[in-house]
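So, here's a batch of structures to check.
Look at the two complexes coming up: subunit A is in both, with subunit B in one and subunit C in the other.
The block that comes next holds the complex of A and B.
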């Protein structure tokens, strides 16, 4: 089935494995490379010579790095999905180009993190190729996740109203980004084991059949703990991602819409309680409903975002032609607004389409996977990534209250980037196993 | 001239994004076609098929139904289709993979010969059992037979044959 050692391609006389040479991936990466070159060259004249030169070099090295990953996988006969890496390449190139355009210092740091992310991706695809062992330690994940979330409260560093960074001197880490992956792995392991009971229920109240405390207890406890922590850390966006991913995975596992409605009910109740008890939540909701009275203060961010998106029009002002300097937190939360301003409706829709295709591939991997753990993990990872993109894009377009989370692969943020590359690696490993299973 | 070129590059960036998405979708449509050609209908390969899915009615051969599972990997009721033959064992290269420490890497095999299914033990450490009797030499299977490998017990069911009353 799989082997831990690097294997050569099938030799002469043996039928070539479909997709094992990863040709489509390479062809798509070629376009991603042209995309990077066009972006960096377009930025070049507007910059001082040295930064412009750095930007072009960064674009070139990123492209080469993605090609090297492809060539290495093709050499090893790695069978993971062929389309996820090019999608990721274009998304992270978009992020890199825009960061160089907005603030070259962030661009350079993002470039270094991107290379680190690719190295992590290769490591994950090598070392965790037999990812099934991950299902054995689900309670350790729950514990590790809680510890990782607790740490910043005591040792953390506050930035932008959220106390969720750990300072390591050389670099800072945001544990919540990595806990997302642990949450998905925990839920996948737990739901695989308790799926039957959660689906059928053990006791009935009227027409409702509910599982016993032992089955839903850990789920409720984990959810409650993470929610409390996140309220205290004031990281509302992340809480929303956790909750929606959790609901998506429970629904995937049990096929019971009842859980989704109960969850939504709980969420509405929780949101109402937060609205009453926490000042910062109330402000956010009021800004969301009507930002105009607060245009000078707290509503400034979302209104500037709307102005930026609106001024982009169909094709945008052209890369480097907009005024993203007015956007607060433009390199993280509002990067999508900057993309819309300079690439217009076409560019913004393009980014959304790329995320949709990513999720589509993820669901496809889940459907073709060998067992429930793999299927649940794959669908959980795709739901996580898709929901994160949805929540922040909905936030900057004022469909939902604006929350401070990153646009996966695009926004500035080392932890987020590396965590998303780990997620990508695990998703590819699941598809690698599924393809080997179906084709041999 | 150079200024115009750089101005155009701004939009080339957007254009290349659109081209990329176009190429991506094209490749993915090709991928879907390929899947359809490669798996036109589920054939009689040994792949666990969930119970609720309908099987093609005219599949030749038999199947192995899990009766007792020693491991969490398979559940009673899961079954594997036997086409021309299957290999059973713990190793991943087998058609029927058993995650059971009592099973050998290559444990046993079932193959079709002269219209009959034969069960053969591949010198496994803990033996293969046919109706609780250890298999010493290749033996003909009949529908309803219980095959024990490791802690798992399968029931062999042959298509078109009378199915035993205990099934």
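The block that comes next holds the complex of A and C.
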């Protein structure tokens, strides 16, 4: 689990591997740094001196921190993917610049969380480099995950309609953000172990062959947890992420589209029941279908989002030129709308393309990985991050119902940021192993 | 399992591609509508943070300016009702009209160099300002025109024939653009519709003023017509409809027929032109177009050639048919005759200045339409001089110079005739063309012609 010498992989006798000095990553980080500096300097003149100065320093320190991570990895001979860190740097500095522009107090907090996230990333890349041990205890942390998820229902604090925060006084924690990762690891382990049975089935009902209870029980439990989240925490977004990631991984492991359709059917059935029995779910759907009659009340948020995006046009109003004050929850859920208003279609598309590259690299890692657990985990992480970005962007553009989730690496939120850095670290560890496997 | 991972990858990338497509649709195609939605407070907010540019008349008098009262920007219109229709108003509740609406982006500094400047100003936290406009109209003449109209329903347009510049564009009754919000309910309920710009949106039958256009068409089709003698018996029966004249004019030539405004002769000429020929000459004077003066103009309307019966054609040729035109259109007819047959492109904005007062764009004088040959225009000019000297338009005469003109008294279903006058001065080397209309006010010679005369006199004395 813990390796005493971080350089052991590139020890004597092992030929230095191409890319081990991580020069391409450093070059890309250089441009990410220029990007961050440009953003902060554009904010500087219109700000009071002190906050402007803080913003520039925060941008500078963040850039240096990313470089330090690169240099440390380079020193250790870490061979994780070279593109994921620069993409993350651009995404998270975009978020940082916009948070300073929206509300400097959030910017400063996000800056601290960003440094914490990078520290966690380094720890993950060091302590969990042999990530395979994570598949051994899957049932234990499946249980831990469920407990963590259920805690806020009893002890949680309600915020913005969703009851998914635990209050620790100094800071608040959103367990669902971390449990996402446990879910992917659990499913990767569970599906690797039960893949054969799930694919072939053990008993047949007519033409259909189905596996036994022991095999599909945990999957049904996942479905139940998703619905519980939906009902008790009113957290439609997180439920959607869990469930779609779950389906993506089951499909990838078993190649049985039947599971996907059954799952979708069950989810739709569950959602329909919720629509019927729970007023807040019904309102959400009605707002989604036609928000205009509710423009002063519940439809306000999504319409303000559309106004912001529509006002952005092709090139946007320019950084600082928009009116994010009209956007409720602009620093979390609606940050993408603010980006679209000020950076226009070009900026919005840029952010989407960054997520596309992230997913592309993730899928590439999954394809080149050494065994099924790693492949499943890598594709699960890619799907998780990609789907989360998709669901919130589709939500603010009213392609899907708007839900209260974060845009990974961009939105304000410590739990979300740190959890996504853990995800990044695990993905990098898988690629580190894969490259070693392919190149030596 | 690898093919499945690949499929998953394609699915995820496909979802993002769909997002990009939908985002493009939202921002580029639906964007303008979303930006202009009344519930979207961005434009209002943008306006409150910027000093809207000033609108000046051609001599530098302020027609619209932004002042600050108790820290809040407020639009002030020193000219009041006199230029209200042309300059327009801005209201948070009731929208914007006129020049204020047509050149909104320039006045708000959203175009050209001001756009860049305001971007920098915003970044530096400095005040932002919009560009200014210098109009072609003269505030003094504008005020005089409004006074001469005296609250009666009607409009006056005066043009510089050589350049196409609009010197006067007045509509009556007026309203005070400084108090649109406060007086709105009264303004929209007023049966006299004070908010309508009658000069560009008023639709009137042209009455006898159209005869100059018919004469141009007839001379174009048959140049020998100038020497022909017509016999007027005081009435003409077309398809069972009887057109009457004020008097039996006897044997007269075209020039005299125009000067005395003989209905019989012009109904005859219209019938000779046939529906197609009549339409051609109407179009050659631009009566069916929006001339693009800077603010929207209602294009003239009439019965299509295919549907035009002889009775309708005869009635249209004396301006009594279904044809409806605006005062601006008729002013352009007068300007075309004055300018040897060439109508100059009309415009109301002389100069666009940026927020620093530098001229960034200047009106270009250019011809718009060639309505008639110089020879035909010459014949028409002489006839119009006759009309003022001994014909129907005598009241337009002024001591300073010779005025040329044509009156009209358009019958309509709403009561007394609409009084029309179109003309230009000085007749020998015309510089100014004018059109006056007063709704249900009586005969053109008695009511409209004197207003034109006084306005031409004042304009010449001011050096136009």
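Definition applied: the second predicted complex is superposed on the first by the 423 of 440 C-alpha atoms of A that agree within 3 Å, B and C clash if a C-alpha of one lies under 4 Å from a C-alpha of the other, contacts with A are read in each partner's own complex, and residues count from 1 in each chain.
The rule is simple: a contact is a pair of C-beta atoms (placed from the backbone, for glycine too) under 8 Å apart; a residue touches a chain by one contact, two chains touch by 3 or more.
These figures come from a predicted structure and were not determined experimentally.
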| item | value |
| --- | --- |
| Subunit B versus subunit C as contact partner of A:344, first or second or both or neither | both |
| Which of subunit B and subunit C A:298 touches, first, second, both or neither | neither |
| Contacts of A:372 with subunit B and subunit C, given as first, second, both or neither | second |
| Partner chain(s) touched by A:262 [first = subunit B, second = subunit C, both, neither] | neither |
| Partner touching more residues of subunit A, whether subunit B or subunit C | C |
| Which of subunit B and subunit C A:248 touches, first, second, both or neither | second |
| Contacts of A:34 with subunit B and subunit C, given as first, second, both or neither | first |
| Subunit B versus subunit C as contact partner of A:42, first or second or both or neither | both |
| Touched partner set for A:320, first subunit B, second subunit C, both or neither | both |
| Contacts of A:393 with subunit B and subunit C, given as first, second, both or neither | second |
| Doubly contacted subunit A residues - partners subunit C and subunit B | 42, 45, 318, 320-321, 344, 353 |
| Sites on subunit C touched by subunit A in the complex | 1-6, 8-9, 11-13, 15-16, 18-20, 22-24, 26-28, 30-35, 37, 39-42, 45-46, 119, 122-125 |
| Subunit B residues touching subunit A - in the complex, by the definition given at the top | 2-3, 6-7, 9-14, 16-21, 23-25, 27-28, 30-31, 34, 38-39, 72-73, 92-93 |
| Footprint of subunit C on subunit A - complex, ascending | 42, 45-47, 248, 251-253, 255, 295, 303, 306-307, 309-314, 318, 320-323, 326, 340, 344-345, 348-349, 352-353, 355-356, 359-360, 363, 366-367, 372, 375-376, 379, 382-383, 386-387, 389-390, 393-394, 397, 399 |
| Residue numbers on subunit A that touch subunit B, as the complex places them | 1-2, 18, 24, 27-28, 31-32, 34-35, 38-39, 41-42, 44-45, 82-83, 86-87, 90, 94, 97, 193, 315-316, 318-321, 342-344, 346-347, 350, 353-354, 357, 371, 438-439 |
